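Heads up, there are several structures right after this.
Two complexes are shown next, each including chain A; its partner changes from chain B in the first to chain C in the second.
Now for the complex of A and B:
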């Protein structure tokens, strides 16, 4: 039924954007009801370190781990990225392939897709399912507001920012928030596994 | 010969005056959509984290006035998903655009023309500015611009300061006046940063907000900067800290800022 709806929306609108992602596009957003508190309402296009364009919406049906950081941050961010890896790595190996990671830089000036690619390689995280991304300034700020991440650029080019790892559920709602550095990840990983089990049962 | 020279001088002089007159006649018409360049500089914040150290601000463009109901209506006509009956609750509280008579019309005969749009959430304000090729001003940009006022005398300055205290303690959100009506402007022509509404800024809640408790001691310390702006600024910081990005009140509107490297074509150059 759902496929039929998407298909009919596709045929009616025949929007070229639909061809890019099998889940993306505003037509299917209307055809399928998105929950009021889903982050899918944010119509942002993210450019990845592979120079590809992704939307949150295209991860529908799968959990997404979201972390906000910046590349020039040498003290805190490596820990934050390692925390994200710990969460990802705590998910049972058989399910890990269905988990996406969106690492969003709030340093638009310095973190181009090329710089992010080097960052991903340096951190040995240029792996499937991981996306180091940048976007329009207003979209990055919107995402931060939706997640409850605060950041401010300081005079010295550094950013002061909150340390937060979030998990979006299969509908794009914030399901888990891990605040602070070096936090235990077991219960967050368990929630991700439960999401995936529930979703495959449906 | 001499008289001829005088005549040509006279002509040039008259022409210059006429052009100047023409420009001054035209500029109020243009004022509505204008944005002005705020040159780089520094200012003193009232936040405890930066005592003594001025905050540096790069140059940027800022809208001369707040965004009006008419402006916002036009934005909605092109962006359905931000209309009152379409907006998902993740982006705005229940009373979004509450002062508008109908779902999709402000009812200008009721609320008046050229009034700043209020009852808009941070998300809606951010989306509007993004659509215009800009963004919301950062908290520091906004506060820096607000402090760029010139006063003729100490008396003038004190009078302004007293007026501000009066205004912040009696904001009448139901009877907002038209943009540009306060007569308050900074030296670059940015109008109504005081005396009309409160305004959203990009990072309205500073990072240290979570660590600040809003007891009398803190509020007192915030005001210790001791210049004419510090009372008003402390009220703004404290009010902003009580917001969340979905907040929509009759007191809060916004204006947009633009990076200096924004495409020239989208900018009205100043005459």
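Now for the complex of A and C:
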């Protein structure tokens, strides 16, 4: 019920406004209260490709890149994952270790932690900070709604879905949305670096 | 009138010189068609032989594809000659054309990012001698290895 209320309140705010709106971060960061638009309101537990359990709130204080995909995709997901890696790789090397990546599969049926581990290993992305995750269907759907990602399973087992890479700031709010494939990542990477600099100075 | 003739001749020479320079390289342009939208995705021909300096022209007939080198920069095992930079076309869609210039002898293996696991890979052999590739097929998806094993 709480999740539903949060989602309703969240959805009343349009995504473009949310993406551009900047809140005074420093005061909020020091308080225990989670900002209204923060994705940390989601209490979901995600199971990683390392078979570990994580929550979004665990990443508090660090930027998180979030992408939604599925492992069997033979259309755009490999490019979406590559775009996510391009963004991660565009962040200054000295700061990269403070960036987390959450690659969320919406194919619960096929993408078990073991399958995701193989996927991560083949993509050479089984690296610190990268988490290929699955969760309960309702949690995956809630996250998708909060990010503005649409997906629907088709009759042939494939998913039709949005192509979106998002960045959550240190408070869990959506700070950057990169829509579409093969987009330039320099601007998003710079925002991540600024987030990290700002957070270090606090 | 003489200065005008000189200008015309100079302009003509300026126009013709690059063409001559291009012809002197004897470079060829070879075409690889990119077909299919899923399990039928393929490069046609999957294997071509070129000479260093040649251009390979990839023409996407249908679907969405990439032409991506097997190289650590693309998060894959290396299957192109040493000291050659990785290449990646980015996403190509129907009607797109992408050129790749081969500068050194050797065997260049490449794949389509969305369809690699379905065996959508190709090979360019550059040089006069037809060599056998010595790349480790156990490091790439089975279907990709099968495609390479089926090449002459």
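One rule holds for everything that comes next: the second predicted complex is superposed on the first by the 171 of 202 C-alpha atoms of A that agree within 3 Å, B and C clash if a C-alpha of one lies under 4 Å from a C-alpha of the other, contacts with A are read in each partner's own complex, and residues count from 1 in each chain.
We take it that a contact is a pair of C-beta atoms (placed from the backbone, for glycine too) under 8 Å apart; a residue touches a chain by one contact, two chains touch by 3 or more.
Quick caveat, the model's predicted, so the values are computed rather than measured.
After superposition on chain A, the partners chain B and chain C are seen to fit next to each other with no clash.
With both structures placed on the common chain, the touch criterion links A:182 to chain C but leaves chain B unconnected. By the touch criterion defined above, A:124 reaches chain C but does not reach chain B. In the superposition on chain A, A:171 makes contact with neither chain B nor chain C.
In the superposition on chain A, A:79 makes contact with chain C only, while chain B stays out of contact range.
One of chain B and chain C touches more residues of chain A, and that partner is B. In the superposition on chain A, no contact is made by A:193 with either chain B or chain C. Of all Cα pairs linking chain B with chain C in the superposition, the shortest spans 19 Å.
No residue of chain A touches both chain B in one complex and chain C in the other. Chain contact summary for the complex, chain C toward chain A: residues 38-39, 41, 64, 66, 72, 75-76, 90-91, 113-118, 141. Chain A meets chain C in the complex at residues 73-79, 82, 85, 122-125, 181-182.
The touching residues of chain B, when paired with chain A in their complex, are 55-56, 81, 88-91, 122-123, 126-127, 129-130, 135-136, 138-139, 202-203, 205-207, 209, 245. By the touch rule above, chain A contacts chain B in their complex via residues 34, 36-39, 41, 43, 136-139, 141-142, 145-146, 150-153, 155, 160-162.
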